[in-house]
Amino acid sequence: MTYNVLSHDPLILVNFKTYSEATGKKAVDLARKIAEVGNKTGVKVGVAPQFCDVMQVAAQVDVLVFAQHVDPLAPGAFTGHVSAESVKAAGATGTLLNHSERTIRMGDILKSVQRARELGLLTVVCAGQVESTAAVSLLMPDMVAIEPPELIGTGRAVSKEKPDVITDSVRKIREVNPTVKILCGAGITTGDDIYTALKLGAEGFLIASGVVKAPDPVRVISDFCEAANRFSEMSK
Amino acid sequence: MTYNVLSHDPLILVNFKTYSEATGKKAVDLARKIAEVGNKTGVKVGVAPQFCDVMQVAAQVDVLVFAQHVDPLAPGAFTGHVSAESVKAAGATGTLLNHSERTIRMGDILKSVQRARELGLLTVVCAGQVESTAAVSLLMPDMVAIEPPELIGTGRAVSKEKPDVITDSVRKIREVNPTVKILCGAGITTGDDIYTALKLGAEGFLIASGVVKAPDPVRVISDFCEAANRFSEMSK
Amino acid sequence: MTYNVLSHDPLILVNFKTYSEATGKKAVDLARKIAEVGNKTGVKVGVAPQFCDVMQVAAQVDVLVFAQHVDPLAPGAFTGHVSAESVKAAGATGTLLNHSERTIRMGDILKSVQRARELGLLTVVCAGQVESTAAVSLLMPDMVAIEPPELIGTGRAVSKEKPDVITDSVRKIREVNPTVKILCGAGITTGDDIYTALKLGAEGFLIASGVVKAPDPVRVISDFCEAANRFSEMSK
Amino acid sequence: MTYNVLSHDPLILVNFKTYSEATGKKAVDLARKIAEVGNKTGVKVGVAPQFCDVMQVAAQVDVLVFAQHVDPLAPGAFTGHVSAESVKAAGATGTLLNHSERTIRMGDILKSVQRARELGLLTVVCAGQVESTAAVSLLMPDMVAIEPPELIGTGRAVSKEKPDVITDSVRKIREVNPTVKILCGAGITTGDDIYTALKLGAEGFLIASGVVKAPDPVRVISDFCEAANRFSEMSK
């Protein structure tokens, strides 16, 4: 599935982490539910399953699929690593990089962004602070994701708890990179969190436990998509 | 596919690394060829594809499938990591650990061996020197693989270049662990290398470029399997 | 200062970590206090200060000095690493390796143990579980230290909370290495903890917060040394 | 020793790595020779010895002393790590960060830069490519060092082999950070290399084998300093 990253439509990307609720067959099931909400609401949605699940999700569900990480290497003698080629061959549209649970070296972010581009994979580079989101934007990824690590998984939304991190990051990022798509995440659990973040300048979302661990993921993702549509209406 | 690791039949395990010759569809093709030779010769064979390819190989080919690595974690908030659960759900029989291209911490070897056992996954822990092969045997994996890193990918077989590493490792390993299955690898390209190593006390093989990068992998793997059978005949 | 690791006299080794109470001039002051108690009680004592403090402590205090870690490398182009040569040149008697706060790869433990031996540095390899203490003993360090990580810094002594870890480790270690000196640590704060651990088979101690963060480190280390002497008396 | 990083005088900083020619007493000797040349020529010089040598060099030689790395942590239970506090207490003026032989995570560069600033330590953050030198400049270090890793230790000077890397980096860095001091390095062995690099926009140098492994380090560092003076004359 392809995605025009230059569009201004909000993107809602659900990171499956290694949650048991989103492993194996459950990864396909959850991806399908998310895709259905995306279809119904017209909001662009994506999922980032575990490596072993990328292929089946991409094959069975009409949804954007991102790997959670790739290693900065060309094919070769690299046992136990994740080549961008393997992720591409499995049908992924792109990959996350430098998530706070899988931080990598500066030079490796750059190499992986460059290799991904050569292979036609989109990149979402995560960073946790204002300075570092701007810094990674200079490495020319397709998207950056602002995620203050101290809020990840807390249910305390970055857009409410640390609105300045979003506005300051957006301003600093734009000073150095006018086109990179800006996602945000950490603690987001309601449509209101989404709406507020869009108002602050976010253009998309990287969300994990807020959806995956919710008692009713469909209700949550619907809430998110409706908030995104409400914002799009408003800003016309 | 299941495997009785306590049997004394030689095992030939082909590590696909991140070689382009064994990525995506080519992983399935190569696994199928290896499986056919295994079937024809009656020698137990297995493959270790990349994470993204584990599921399709396990689903489409009747062969032992090992992951190349797993991370020492329970399911949870671990973006970009490889849970044993995901590998198991993808249909793997087991996993490599601590390959010289993906070395891990001592404590993580132990944790991963223990988690794999809980999930019913076999473990092959690699080490490169006599002392370390014995040491990892105390962590109670199902198999250990002796691989002097300086010979990996060279075509100079460990069984010819460093026979003492095999005999010394076998002796030291048996002093501390009487049942762990002992594989060896590094530089093996011919049936003679296989035969020699079996005589030195190896009970199986971990092989990569010798098969994957060969002009005719089927010929090589056939050569290996015939040598294994020749040895089994001899030792009856 | 030299140390006969084959003697059966208890060793009490105080790890300064990166505690501010034991950094810079305070490292020398604390080492001096510990040395004085050692002298007075006749118990062998040592300290493991930060890299930057090794030289001044070794130069100014008559005490065994251990580095907290060394990297497994020969001299060369390795910016930001800790060569065994630099530690030796600074006057250290030995080094810790694989502390739970600085775990390293199995192969690197082996390389560092071997390099240290070439340079005449003693090694204390730490491990946290029964299986791993036995495994590291096969790498032939001079000493091993059993430290269940979950008790480190808790004040709940390993000798009281997990006596089985000590007795089982001692038994397993002795099966594979009859001469390695066996230290233990984690949560030790009183002379009773010391006495109990010696009865369980420990031959020395690796202690950090119990001394460094104590309101009166001299009182604590004196308590430890007296307990060690009491045990030595008993076992004559 | 203090240093006004905002001055436009060229800085020549010699990285001792873990070279045996610059370990222990030899670190002090080499630092003294470098300091003497600096004094004689009036060029600002500095050295980056190993951790164990920082204190003695800073105590005995009137020269800028940088650590080769610090870890991004506050004092505490961090065995085997390098606290900025320990480096400061040892008398260092600053520290290198992210050298290509000791690369660190983006977030850790930022944390270490911020901690160093709190303690009054200068930071030199290294990076190897145009994009990454600009990116690290956004993390607000005092200095950045451009070092294409493929030229380090080759004797093929970055200023001759890859002049575009310098000019492009300088331009990109200045777009995002007008004040950071820009060093360069890799392959520099002659005064001409220095002169050329200064013309291309470099304001200082990070040099290792070119000095440390030279048959006559004094001659080389004198050559460098004279070239720096020649350039300063020219540009008046």
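A, B, C and D are the chain letters, set down in written order, and residue numbers restart from 1 in every chain.
Rule of thumb we're sticking to: a contact is a pair of C-beta atoms (placed from the backbone, for glycine too) under 8 Å apart; a residue touches a chain by one contact, two chains touch by 3 or more.
Note that the structure is predicted; figures quoted are calculated from it, not measured.
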{"item": "Chains touching both subunit B and subunit C", "value": "none"}
{"item": "Between subunit D and subunit B, distance of the C-alpha-averaged centres to the nearest whole Å", "value": "45"}
{"item": "Intercentroid distance (Cα basis), subunit B paired with subunit A, Å", "value": "35"}
{"item": "Multi-chain contact residues (two or more partners), subunit C", "value": "100"}
{"item": "Overall pattern in which the protein chains touch one another (line/ring/star/complete/other)", "value": "ring"}
{"item": "Subunit B residues touching subunit C - in the complex, by the definition given at the top", "value": "98, 100, 103-110, 127-129, 131-132, 134-136, 138-140, 172, 175-176"}
{"item": "Residues of subunit D that touch subunit C when the two form their complex", "value": "15, 17-20, 23-25, 48, 50-56, 67-69, 73, 75-83, 85-87, 89-90, 96, 99-102, 152-153, 208-209"}
